[in-house]
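Heads up, the next two complexes both have subunit A, just with different partners, subunit B and then subunit C.
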Partner chain A sequence: MNAPVSSFTSGALVETSAARISKAPAIGRLSLRARGDLAPFDAALGVGLPLSIGQRASVDGTEILRLGPDEWTLTTPVPRTAQIEAAFAEIYEAHPHSLVDISGREVTFEIEGAQAAELLTLGCPRDIETILPGQGRRTVFDGVTVVLWRDAEDRFRMDVWQSFAPHVLALLDTGCRELAAQSH
Partner chain B sequence: MLLIHCPYCNETLPELEFTYAGQAHVVRPEQPSGQSDEQWEEFLFIRANVRGPHYERWRHFHGCGRFFNAVRDTVSDKFLTTYEADAPRPDLSSLTERQK
Partner chain C sequence: MSQYRVSGRGRVDTSRPVTFTFDGKRFTGAQGDTVASALLANGVHLMGRSFKYHRPRGAVAAGSEEPNALIGTRRGPGRFEPNTRATVQEIWNGLETNSQNKYPSLKFDVGAVNDAAYMLFSAGFYYKTFMWPKNFWHKVYEPFIRAAAGLGVSPTEEDPDHYASRYLHCDVLIVGAGPTGIAAARAAAVDGLKVVLVDENAEAGGTLLSEPQAQIDGRPAWDWLAAELEALKAAGVKIMTRTTAIGYYHQNMIGMVEKLTDHLPELPEDTPRERMWRVRAKQVVLAQGALEKPLVFHGNDRPGVMLAGSAQTYLNRYGVLVGKRPVIVTSHDSAWFAAFDLQDAGAQVQAIVDLREGVHEALLSEARARGITVKLSHTATATSGRLRVSSLRVNPVSGGSVGAGEEIRCDAVLMSGGWTPSLHLFSHTKGSLAWDDDRTTFLPKDTPEDCLIAGASRGLWGVEAVLKDGAEKGREVAELLGKTPAQVAYSVAGDRTGTGISMKELPTDRSPGKAKAFVDYQNDVTAKDLRLAVREGMRSIEHVKRYTTNGMATDQGKMSNINGLNIAADALGKKQPQVGLTTFRPPYTPTSFGAFAGYHRGDHFEVTRKTQIDAWAEENGAVFEPVSQWRRAWYFPKAGEDMDAAVARECAATRKSVGIFDASTLGKIEVVGPDAVEFMNRMYTNPWTKLGVGKCRYGLLLGDDGYIRDDGVIGRLGQDKFHVTTTTGGAARVMNMMEDYLQTEWPDLNVWLTSTTEQWSTVALNGPNAAKLLAPLVEGVELTEETFPHMSCVECTVAGMPARLFRVSFTGEIGFEVNVPAPMGRQLWETLWEAGQQYGITAYGTETMHVLRAEKGYIIVGQDTDGTVTPYDAGMGWAVGKKKPDFVGMRGLARPDLRAKNRKQLVGLLTEDQSKLEEGAQIVFDPKQPVPMTMVGHVTSSYDTGTTGRPIALALVEGGHEKLGETVYIPMPDRTIAAKITSTIFVDPENARLKI
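This part shows the complex of A and B:
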C-alpha cells in the first residue's frame, strides 16, 4: 500500500480482453475556486467556465471540469500552468479567487475497453450511465474520492490521489482479470 | 441503500457519496461571550432526537463537497426533501402532504 509514485510506469499497467488500464503522462492540474461574476475568469482562460456540475469545456489542450457550485478543476499541458496562473494573478485584485497548482497530488489512470463502464461499477455505487460521454464527475471508488472523466462510451480517465492510487489500481487489476475470465 | 438528492448537483445519488452532519438549523449565538454555561451546553450538546421528520445536515462529500439540509423521517428513513444550506426551513405540513 505504500508503493512509491515512481512504481507506476507510464503506459499500460493492466490489459485484458475486458479493459486496459494505463497511466497517463504527467500533466498540469489546477484547482480553481471562484464565485460571483465569472466573466473575468472566462476572459482570462479564453473560454467560458462550464456552468453546471459535471460539464466540461476545453481550449488549447486545457480541459475544465466543474466539480461543485464554486469549484473547477483544470488539466493542462505542464508549460501552460504558469501562463494560466499569470493570467489569473492579474485579475486577483479585482476578483479574489483561489487557484492552486495540484499537479503533484494526483495520478490519472486511463480506462478503456469494451467493459470499461462495467469495471467501474465494481467500486463506484453511482450509475455510470448517468455520466454522459464528454462529461465528468467527482465520485467515490471503493471509498476513495476520484474524479471520473468520461471521454467516450468506453473510455474513461480517473484522477486519484497519489496515496490511494496503489489501492485503486489493485482493485482495477483484479476487476479487469475477473471480467475477462467471465467472458470466456 | 438510500438514494439522496443533492440540491447543488441536482442528481439523486447513492448514500455512499454522502456523509451525515447532525441536526440542522442549530444557530451559533451572535455574542458567544455573553452566553451562560447552560446556554452553551444547549448549543453544543442538546439535540432534538426526533422520532419522525428530522431536519438534518448532510454533505455531498464524494461529489460537489457541499453541505445541505434535508428532512428525513427517522422512523421510515425516507427523505421528505433536501434543500440548499441557506434556504429557509421548509414547512413540515406541506412536505407530509406531498408524501400522501
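This part shows the complex of A and C:
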C-alpha cells in the first residue's frame, strides 16, 4: 500500500476493532516563529501563546501548539488564515516574526479507538503516555517527522507532510490489522 | 506412550499427541514438547553432524544454548529456516524438520572423512593448510572452504511472513522469569510501577520448571509458580514469554525479539512471525541465570553425552528419560540430583563418577539409599559407540596420576562441569567483571547503566538464595524509582544447594595430543587446538579465540568460553583474568534478519515520496527514477519509443515550442525576518543586499571548506522575505545546515527558516511558447520582457489559484516556474496541459531536463560536482561576491590548494568520432604513456540525444579552463576515444533564446 497522496479522501481510511484512521478535512495551518515579548502576539490572536513545549491553547476554532522554544503551529478554519496573517502583519514592524502559511504542506490523520495509543508505539520512539490529553508534540513515526496532537486518551491527530503520508498511512493500516488480530 | 516418556512427569500434555517429521520420518510427541524432547522421547539422540569433522551429534543441552542439535524447519513454500535449535523449536502437527550438514544421510555422512583426517584440521588450519600451492586457492581451497563454511542451507525463496516492531517504555524491565526474576517483579510491582518480565522460553518459571521437588512457602514449586504468575498479572506486570532480550544498548535501551507464530500449527491472519521490541526501561534487573558447563574429555561429543542439568530438565519439564542406563560424570553437586531424579523415575544409573576426592555426606547417603555406585577421584577418558554412546571409560586419579581404565556400559553420559553465570547482557552494558577464584568464574562488578543483576547470574546457587536476592533487587529498583516496597520473605524446602570445582580438560592416561576432547561443539574446537594455539604464540584469549574459532559460532561460546579460558590460562601458566575474557556481543541468541527489518520490506522498505502530479505522470505512461527519497518522472515514452527516442522528442519539442515539467521536488525554504538579507549574505556566496524585491538570483552554497554543496534560484518576495530553492536531494541537508549556523553561530540574527518544500507544487514551463501559453492564465502581472523580465518573481494568481510565479530557466529557453499550494498542483498541471494543446505541449521528465541544462552548461550539484569542486573550478567565479566581508566557505576558498592553477576544472567535451562518452570515464592527456597512466579527470555528464545534433559531455579536467581546443583521451576497455575540450555551453551562448 503506497497510494498517491491525492487519492486520499476525507473520512475513514482504515478501520478495525483496534483503531480507526481517517483523513481530516482541509484546514488552515500557519507556522509562527517569534521570540522576546509575546504579549503583542497574544493580543493579535486573542489568546495567550502556550508557554511550554507541548502545551496547547485555543480560541474561536484556532488551535495553537508550542513545538519549540520559538516555534508554534496554528491550525484554524481556512477563512481565518488571512485574518490572522493580516493581524500579524500589523505588528511585524514593532515585533518582527515569521508567519508562514503551511496549509498545503501537510495532511492530518485522525487516529481513534481503544488501541490508538498502542498503535502509535509501532513507529514512535517517544513514550506516548508522556503526551497527555490536551497536549501535543513534534516527534517521529517510522522515521518520518510528524506532529502528534492528543485530544483524548484514545484520540489523536497526526500531521504529516504530504509526500510522507502514504508511507505513514501504510504502517498505520498494517498496525490496525495487527492489533486487531492480537486482541482476538 | 513413547518408549522414553515417563508417566506422571513433566509439563507436556501426553493426551494431546503431536505429529511431526524429522528427515522425512514421522514422530509423535506431546503438546508442549520441543523437537529435541520429542525425539528423545522416541529414543533418538542423533540430530545433526558437526561443522568441521561432520561428527554425529545429539542434543547436549535443553535450552537456547544448544550448540549441536541445529535443524532446518519448514512450513510450506518460503517458510524454511536453517540452524533452528531443536531444543527451542516447539512441535506442532505437520511441522517438517531436517538435520543439516550431512550427505547422503545423517547416519552415513561422507563428510565424516574429515574426522579421520582431523590432524589436518587443527587450530589455524585455514592459515596453514591452504597456503600452498598458491594456484590451488581459486580452484580447490576456496570452493572447499565455501562449501564447508556455515551450517545449514540459506533459504532460497522469498519469505512470505510479516515481521513487526514496537517501542515499549517501562519503569522496570526484568530479563529472565526464573525464581529470581519472578521475585524481583513481585517486589518491584508496587505503587503503579510499570514492570515488564521477559523470558525466552515458552513458559515462565526458569529453573523451577526443572525442580518440581522444591517447596516454596509450603507449596509445591509448580503450584507456587502458577499462583505467583497470576499474582504478578493481577499486579499489572506484563509477562512476555518466547521473547529474548538480545542486546543491551545505551541508556537502558534493550532490544527484544518476540516469536509469535513459530509454535502454532495454523498461522493467524495479520499476525507477524516475530516482533522486535525496542524497550526503554528506567531500571533493569538482569536475572538470566547460569549455564551449565560440559566436561572436556575424549569423546565428550558423542550422541547421548549431555549436560546433567539438561537431562533433569528433559525429565522434569518434558517427562522424558534421556537414557535408561545413564552414567553421571561431574565436578559439581548439581549432577548428583539429576542422577537421583533419573533413578527415581525408573532409570538404572550405572554410576556417579566425580572428579572430586570427597563430596557432602548427604549426597553419598542419598546415592547409597538408591543403590547407585559412586566413584570419587575418578576421571572420564573416553566414550565409545558409533551413533550413540554405549560406554564410558573411567579411571581413578590418585596424586596426579591416572590409573587403569574401566568401561562402564551405558546409554547416556550426563556430565556437569559446574555452572557459568550468564553475563551476556550485563557485558553489553560495558559492565566490568571480576574473577572469582573460589568459583573459577567471572562475576559481575560495575555497570554504567541503570541496571542490577541478580540470582544465579551473579553466582548465587539454590532457589531460596535467588528468591531472596531477586526480591532484594526488585525492592532496590523500586526504591530507586521513589517507591516504598514491602519486605517479602521466602522459605524453601527441598532446595538443592551445592558446590563444585571447575576443571580444565580432564586428566587422562592416553596421549592428550590425540584426544578429541571438545570445548566448542559447534565449531569443533578441542582442548588440543587451544593448547596448540598457545604453543604457536597466541597470548591473549582474543587471539586464541580467532585462531581456533573457539566461541565464534552461533552459540557465541555460551558453553565453551570458560572451559576455553581455563585451558588457555593453564597452557600459558597464568591466572584466568590475566588471559582475559572475550567480549560478549549482541544478539544473545541468533536472530532472524526479518526481526531486524521489521516492517521495512516490499513496498514499505523505504519512504517513497511522490508529488501531487505523480499520479498524472503514471497515468500518462511515465517511466520513473528515484531521486533521493522521491520518485520522479524520468521520461514519457510514446508507443514504441525507447528512452533515447523519448528524450530526443521531449528535448526537441521543448526547444521548438513548449515543454512542461514537474519541479515540485525542489527544496524550498522561506527565510523571513529583519535580518533575512544579512543571513542570505552570510550563507550564500552571492551578494543579496542589492537584489530588488520581485527579483531572483542564482545562489551558490558552499561548505566551510569552500566546496560547492548546493545551488538554486532564490527570489526576494519582500524586503524581509526570501523564497529559497535547493536541489531535490539537498533540501533537508541545506535546511539543517542553515539552522545549525543560525542556532550556533548567529543566534543574534532576527531571522527564521520554514521548510516550504511541500507547501508548494511547482510546475515548470519552458520553450519559445511558454509565455504565450501562460500569459492568459495569469492575473496580477503582464508577462512581457519589460514588465516581467528573466529572473523576476511575483505573488499573483495563475488559473485562479494563489501562486508564486518565477521567471527562471534551467533549459536556456523562456522559462517559468509556477508554485501553487501543493494540493492544487494537479489541477494547475491539467489546466496548463489543456491550454498548451494548441502549442503541442510536451511533458518531459528528469532525463530531458538533464540534457537541456547540460547543453547550456548548467551544473547539477552532486553530478558535475563531487564535494571537491569550488565555484572557480566550476567556472562560476561570477557567483562569488567579491566585496562581501564573509560568507560560509570564504575562508576555505582562500586556502592555497583551492586557488592552485592546475585544479580539475569543469569543461565541455566533444568526441572526435561523435560517440557518446561514459559518465565516470577517466581522462588522460597522453594515451601512449605507460600503464598505470596519469589520470587527469573524469567525465561528469554525457548525453547522446538532444538538440545539438551530436553527443556532448561535461568533464572535470586538470587545468581545463586553460586548455580549450586541446585534445584529451578517454581510454576504454576496447579503444581509446579522443575528445576536444570546449566551453561548457553548447547551445545559445548569447542567451538570445531567454528573451520573450
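Everything below uses one rule, namely that the second predicted complex is superposed on the first by the 180 of 184 C-alpha atoms of A that agree within 3 Å, B and C clash if a C-alpha of one lies under 4 Å from a C-alpha of the other, contacts with A are read in each partner's own complex, and residues count from 1 in each chain.
To be clear about the criterion, contacts are C-beta pairs under 8 Å (C-beta built on N, C-alpha and C of every residue); 3 or more make two chains touch, one makes a residue touch a chain.
Everything quoted here is computed from the prediction, not taken from an experiment.
> Touching A:A87 in the superposition: subunit B (first), subunit C (second), both, neither?
In the superposition, A:A87 touches no partner, neither subunit B nor subunit C.
> Applying the document's definition of touch, where does A:A24 land relative to subunit B and subunit C: first, second, both, or neither?
A:A24 contacts neither subunit B nor subunit C.
> Which of the two partners, first being subunit B and second being subunit C, lies in contact with A:P125: first, second, both, or neither?
both
> If we overlay the two complexes on their shared chain A, which of subunit B and subunit C does A:R105 touch? Say first, second, both or neither.
second
> If you count the residues of subunit A that each partner touches, which comes out higher, subunit B or subunit C?
C
> Return first, second, both or neither, reflecting whether A:I53 touches subunit B, subunit C, both chains, or no partner chain.
So A:I53 only meets subunit B here.
> Which residues form the common part of the subunit A surface touched by subunit B and by subunit C?
Overlap of subunit B and subunit C footprints on subunit A: residues 125-126.
> Flag every residue of subunit C that touches subunit A in the complex, lowest number first.
162, 164-169, 268-272, 278, 280, 599, 603-604, 607-612, 614-615, 618, 629-630, 670, 672-674, 720, 750-752, 754-761, 821-824, 826
> For a test of understanding, state which residues of subunit A touch subunit B in their complex under the given definition.
Those residues of subunit A that touch subunit B are 52-54, 67-69, 71, 125-126, 130, 137-140, 145.
> Enumerate the contact residues on subunit A facing subunit C in the complex.
Against subunit C, subunit A makes touches at 1-2, 4-7, 26, 31, 33, 70, 92, 96-106, 121-127, 129, 142-144, 161-164, 166-167, 170-171, 174, 177-178, 180-182, 184.
> Looking at the complex, which residues from subunit B come into contact with subunit A?
Per the stated touch rule, the residues are 1, 8-11, 13-17, 61-66.
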